[in-house]
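Worksheet for the structure shown next.
By letter and in written order, the chains are A, B and C; residue numbering begins at 1 in each of them.
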Amino acid sequence: MKKKTSDTAYREPLFDRIFKPRTITLPNGHTVKKPVSRVPLITVIVIAVILVSAKVTEFDFGIILKRGYQLGYILGRIFHPDWSYFGADPANTSKLFSALLDTIKMSVLGSVIGATLALPIAVLSSTNINKNGIVVWFFRILLMVVRTLPTLIIAKFAALIFGLGTFAGTVAIVVFTFGVVAKMMYESIETIDMGAFEASESFGANKFQAFWNACMPQILPTYLSYCLYSLEMNIRAAAILGYVGAGGLGILINEFIGWRDYESLGAVLLALFVVVFIIENTSQYLRKKLS
Amino acid sequence: MAKEKKTLSTNHPLTIEEAYASRPRLWWIYTLIILIVAALLGWSGTSITYKGLATKGITIAQGVGYGLIHPDTNLLFNLTNEGVPFQLLQTVAIAVLGTLIGGILAIPFSFLACDKIVPKWVSVIFRAVILGIRTIPSLVWALVWIRVTGPNAFCGVVTQSVCSIGMICKMYINAIEDIDKNILESLDAAGCNGFQKIRYGVLPQIIPNFISTVIYRFDINVKDATTLGIVGAGGIGAALIQCMNSSRWSMVGAYLCGMIVLMIFIEIFSTKIRTRLARG
Amino acid sequence: MIEFKHVDKVYPNGVKGLQDINLTIDQGEFVAIIGLSGAGKSTLIRTINRMIDVTGGQLIVDGTDVMSLKGKAMRRYRRKIGMIFQSYNLVTRATAIKNVLTSMVPDMNFFRVLLGLFSKEQKMHALEALDKVGILDKAYTRCDQLSGGQQQRVSLARTLNQNPTIILADEPVAALDPITAKQVMSDFQRINKEMNITVLINIHHVDLALKYCSRVIGIRAGEIVYDGPTDQVTQEVLDDIYNGTAIPTAEK
């Protein structure tokens, strides 16, 4: 990544101007300046932050000891999943599997659409390809705002606007993927080698042709890798979107927890575990092949 | 990627026709991949039906838009427990404690999951445990922990501690496996014992990595903390959802604005610190 | 034919890149441009294909005033001028033939460019270009698996694929070892003679310039201080161009 070297002289960091470095003199007269350690200050800040946080969240470790047995009880039930969901009871099985498939479909479709939208925006947000500073900053700020919204909140909005169901969930995933992938992409695009681009322009290619032939081959492997990564993330995110009514396994989770039906919850989690395991390993294998 | 060309039996130089004839034909791989992806997409679209906007869909969208432009300034600057600043503070506090505790707890877990340090079967068990922790969504963890701690911010802290272990362990394990063994070799040559090698060879390599991971996870946890509020585990999410359900759009706008500003702040902050750590 | 008439180049920050350049280069000449780094060699050749704009004077190439060209006309003009770079500027992940084919892209329609569909003719033509520089057997090898000299030849093949009338080379051999540098220089010489292409080459290594080129232009601080046949270049001339500093050669 190219960085402009500063023409101004070395500017002392603020910390060193407040806490002056000590000068150590060797026996032979040579001196060296040792900057004061930052560690004490950082420790103080960190401890202060911890104390404030503990107060604000009403930290109470005692409760865990008192009621921790509940956790054991619940986890125990979760780990005895209700096997009727895996074939014994057809109604239950179809319930689980249709929700599971819904979740997968939401993530796949959402990831693909989000990633597809992200690519052109990422290109437009890269300073080495888009020379228009205003457009670059506009898109970067837009992406930053999009990324600050948690998926579940987007899903809640989508559910309110588009009604309950998988469409809302897909919209939420599209938005989330778009924000995340676009950012990762423009950071990556800024590091590519523009030499071939320059060469293309020199023999008369227009900007699109030069970009497509010289830059895309460099960007593509990284792009596909990020797409697979976002698929991994999205499966997990999609699983809970149903909690706010946006379709998929989350609806079941909401239902079962409401009824304290932890065995059924265990079945859902087991199914999720298997799917996540498969997708993660496949995705990691493919990503290794890409790089 | 090109198939090895059959070597020419005679010694004449390669002609253009021969070179063209022996070109690798990859188009069928690309077509296959595109067909598979298209099939996947087609299948995915089957249960995603666009039912049109909900009955009050447009009103809600308008309401949100209105709220964002006219946030409730009383709420924005209200310093009591209901006000935006306190809610944001609580959200951040949940993330701080959750990340720190998770980061500390993750250390033994990740060492026990590295097959270079412990026997293979031990690492397999712990990797499975970590995977299990990671698969259970944080929302589910929160709902479980609520039974223990009650619906308050502390629940959020505990949930995040447990969830953070999952992702932080994954990154710690990567850092541990990437350790440059050569440094250990040179310390060995200088006559250091095991403990010294760890203190001076291993720790300086992994600590900046660990700190960077923790900060990265903190960023994500702040977002997650707002989500946890939806199930009642404290933080700004709870208030936000209440207002959304009762259509108080200005308040929704106030909370959203607060959240967005906070996140942007934290992200810039954490990116700066992490680049400092990486570049020194 | 390339004509510079009182050409100036002043950068926005006031720095003078070129001062009052007057130059005529006929079709088929093999010209070496020598001088210190920063003297203006790169600037000079980049004005010819308008990678850099001139700020004063006139630059006429084959009857066209270069500064009058805009947009599509300029891109069409660039088709006839090939450029070779010091760092090869290839798409390293792509095969040699793919790189050579990219020079056909400006003439193709949008969808062919998008999908990378080249006709059989185009592919044969690209293979011929690779054959002319002697690396036909590496046509389907990825460029990052080729040596520096081979990559520069792919770059040369890419340029030949355009059927240019002029080839501009900006320090083409600077990154190559002496033996490979000589091979590439003799490739340039052969192309210049056999295909009657004007070759302008920026070069640091004076001995190579003197050995392979027929005409030498010396630049110092943006001005031409020598313009004449190679056999009339004396030590004094070189000292003048290089301001009395040590003369760089390929062997050092």
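Structure notes:
Heads up, the rule we're going with is that contacts are C-beta pairs under 8 Å (C-beta built on N, C-alpha and C of every residue); 3 or more make two chains touch, one makes a residue touch a chain.
The structure presented is a predicted model; accordingly, all values stated were derived computationally and were not measured.
On a Cα centroid basis, the chain most remote from chain B in this structure is C. Two chain pairs, A-C and B-C, are weighed by contacting C-beta pairs, with A-C ahead.
One simple way to say how far apart two chains are is to compare their mean CA positions; for chain A and chain B this gives 5 Å.
For the pair chain B and chain C, the distance between mean C-alpha positions equals 49 Å. The touching residues of chain B, when paired with chain C in their complex, are 1-2, 13-14, 16, 19-20, 22-24.
Listed in rising order, the residues of chain A touching chain C in the complex are 193, 195-196, 198-206, 208-209, 212-214, 217-218, 221.
Interface residues of chain C facing chain B in the complex, by the touch rule stated above, are 95, 97, 120, 123-124, 127-128, 131, 136-137, 139-142. Within the complex formed with chain A, the chain C residues making contact are 49, 51, 75-79, 81-83, 85, 87-94, 102-103, 105-106, 113-114, 155, 158-159, 162.
Those residues of chain A whose C-beta lies close enough to touch chain B in the complex are 49-50, 52-54, 56-60, 63-64, 67-68, 70-71, 74-75, 78, 98, 101-102, 104-106, 108-109, 112, 144-145, 147-153, 156-157, 160-163, 165-167, 170, 236, 239-240, 243-244, 250, 253, 257, 265, 269, 272-273, 276-277.
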